[in-house]
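First chain A sits with chain B, and in the next complex the same chain sits with chain C.
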Partner chain A sequence: MNTEIYLAIILVFMIILALVAIHAKDLLSAVIAQGAIGYGLVLCFLLLKAPDLAIVQIVAETITLIIMVAVLHDSTWVERRLPMCRRDMVNYTMALLLGVVLLYYFIDAISVLQPFGEHTLRMSEVYAYKAIELTGATNFVKGVLWDFRALDTMGEAAVLFTTAIGVLAILRLKGKKN
Partner chain B sequence: MTLYILCFILFLVGLYGLLISRNIIKIVISLTIVEISIFLLLIMVGYISDGIAPVVFDAQILENQAVVDPLPQTMVLTAIVIALATNSMILTMAIRLYKKYGTFDVHEISKLKG
Partner chain C sequence: MSVIVRKVAQLLSAMIFVFGMYVVIHGHIMPGGGFSGGVLLASAFILLILAQGKDYFQLKQQRKITSFYESLSVLLILLLGAGGLFAGSLFLFNNYLPKGQPGELLSAGNIPIYSILIGIKVAATLFTIFLALTIYKEEVSK
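Presenting the complex of A and B:
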């Protein structure tokens, strides 16, 4: 019960910070608010008994923050406020309509889910209870990641390296001056 | 149930930012918020109230102790890394666009493309 209350408090803070990030006057404070949301997610992971995820999220969030601040340092963190045009009104209407449609499907989907904290293991029973016997892994998340689904992890690593190559290629490119 | 609804509100806030922002950096931030809300929802679905973290050193413990579902945690671990990769890719493109056009505003960039 305590976990739920703590999670609800952190989530409310995350929602407020998200609104701050979207409506911030300058980009640097928006980036900092986004970092705070990421570290709030770390706290949620710790409360939800996912220590591996907390470690990975701390690393990923820090790298994202460093890249974002580096980008802003290299350009500008002043956001120019231009008057609203007709395209903005279309975007607001789209946001509202998409919100309503997604709300309908969310209510549809949430009725199938079990209430918070009453999950039953179905497919992952083998992953949880046979991991020590089959793989010798004491950390089941790593057991799934490196043994039961090692091919998926290889695909993930391939995506990561492809992105690194892409980032290098884009950054090395000399822009055409015209 | 309240927690799922709060997660959905976070998702909607991110979607709203994604649609109304004109600045590329703000669009990336909104995308990150959407990603974060989905990660949190997936982990919440796999949570068991009296379960322990899926790190157990002795198989005997599992006989009378529930354990939190490790499968959503694994998938979200993969998704976090992929999200980091996509974010750094978008930011790299944003800095190239800024170097070429001198602005982060998507409307101005589409006007200037000429």
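Presenting the complex of A and C:
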């Protein structure tokens, strides 16, 4: 019960920070508000007893913040505001429509799920009670990541690999010939 | 940057690097593992470069090295996973090495090896991206 109150407080805080990030006057404060949202997510993970995710989130958040500030340092701090045109209206309506459709299906799907905290335990029962015996790793998360779900994790690593290739390809403005 | 910042960054980056190694190697017995440890390893280098400036290392050479290690670690993970096919199972990424006593440093079969390789890979990828952001900007401004 206590956890839920803390979670609610942090979530409200994160929503306020997201609004700040949108309406901030200069981009630096927007970036810092974004970073604070990430650290709020870290606290949520810690409250929900997922230290693995919290560690990953805190280091990734710090790196992202450093890189974003480094990028801002070399570009402008002021956001360019253009007047609204007809195309913007189309974009806004499309976004709203998409939100309504997603919300409809979310509500449709959530009635099938069991209430919060009571999961269907067909597969996770095996994971939870036999993981140490089957994998030999006392860190349960690593056991799932690199034994039961190793192919998925390989795909995750491939995503990171592709990101690096994409960054190198986009940022290399000079061709190889000259 | 001033002398104080540079010196503190030098001292801290060594500690961050050692802690990153610790997180990577103990991935299978405590929270952490390849991804978070790899980011820590990369951040040690990034901190050094942010404090010392671009001319401290020969950055262009470094980028080639990081690209090499990134590709090499992915290849090794794939080979190690494909080894499961020859060790008598029907799918990739089988945990076929001896399991040992749970909770020991040398246990859990393949998992620590995957952790170390993923740590190298994540560190190399993040450092490559950071180097690309610094090097190519310099090239453009020339």
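One rule holds in what follows: the second predicted complex is superposed on the first by the 173 of 178 C-alpha atoms of A that agree within 3 Å, B and C clash if a C-alpha of one lies under 4 Å from a C-alpha of the other, contacts with A are read in each partner's own complex, and residues count from 1 in each chain.
Quick note on the criterion: contacts are C-beta pairs under 8 Å (C-beta built on N, C-alpha and C of every residue); 3 or more make two chains touch, one makes a residue touch a chain.
This structure is a prediction, so every number in the text was calculated from the model and none was measured.
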item: Partners on chain A (chain B, chain C) - clash or fit; value: fit
item: Contacts of A:L19 with chain B and chain C, given as first, second, both or neither; value: first
item: Partner chain in contact with A:D74 - chain B first, chain C second, else both or neither; value: both
item: Partner chain(s) touched by A:T135 [first = chain B, second = chain C, both, neither]; value: second
item: Which of chain B and chain C A:A60 touches, first, second, both or neither; value: both
item: First (chain B), second (chain C), both or neither touched by A:R172; value: second
item: Which superposed partner A:L48 touches (first chain B, second chain C, both, neither); value: first
item: Partner chain in contact with A:A30 - chain B first, chain C second, else both or neither; value: first
item: Chain C versus chain B, contacts on chain A by residue; value: B
item: Nearest-approach distance, in Å, of chain C Cα atoms to those of chain B in the combined model; value: 7
item: Residues of chain A that lie at the interface with chain B and also at the interface with chain C; value: 51-52, 56, 60, 63, 67, 71, 74, 132, 138-139, 141, 143, 145, 153, 160, 163, 167, 171, 173
item: Chain A residues touching chain B - in the complex, by the definition given at the top; value: 3-4, 7-8, 11-12, 14-15, 18-19, 21-22, 27, 30-31, 33-34, 37-38, 41, 44-45, 48-53, 56-57, 60, 63-64, 67-68, 71-72, 74-76, 79-80, 82, 85, 87-88, 91-92, 94-95, 98-99, 102-103, 106, 110, 113, 115-119, 121, 123-124, 127-129, 131-133, 138-141, 143-145, 149, 152-153, 156, 159-160, 163, 166-167, 170-171, 173, 175
item: Touching residues (chain side chain A, partner chain C) in the complex; value: 51-52, 55-56, 59-60, 62-63, 66-67, 70-71, 74, 132, 135-139, 141-143, 145-147, 150-151, 153-154, 157-158, 160-161, 163-164, 167-168, 171-174
item: Chain B residues within the chain A interface of the complex; value: 1-17, 19-23, 25-26, 28-30, 32-33, 36, 39-40, 43-49, 51-57, 59, 62, 67-71, 73-74, 76-78, 80-89, 91-96, 98-100, 103-105, 107
item: Touch list for chain C against partner chain A, complex; value: 23, 27-33, 35-36, 39-40, 42-43, 46, 50, 67, 70, 74, 77-78, 81, 91-93, 95, 99-100, 102-103, 107-111, 114-115, 118, 121-122, 125-126, 128-130, 132-133, 136-137, 139-140
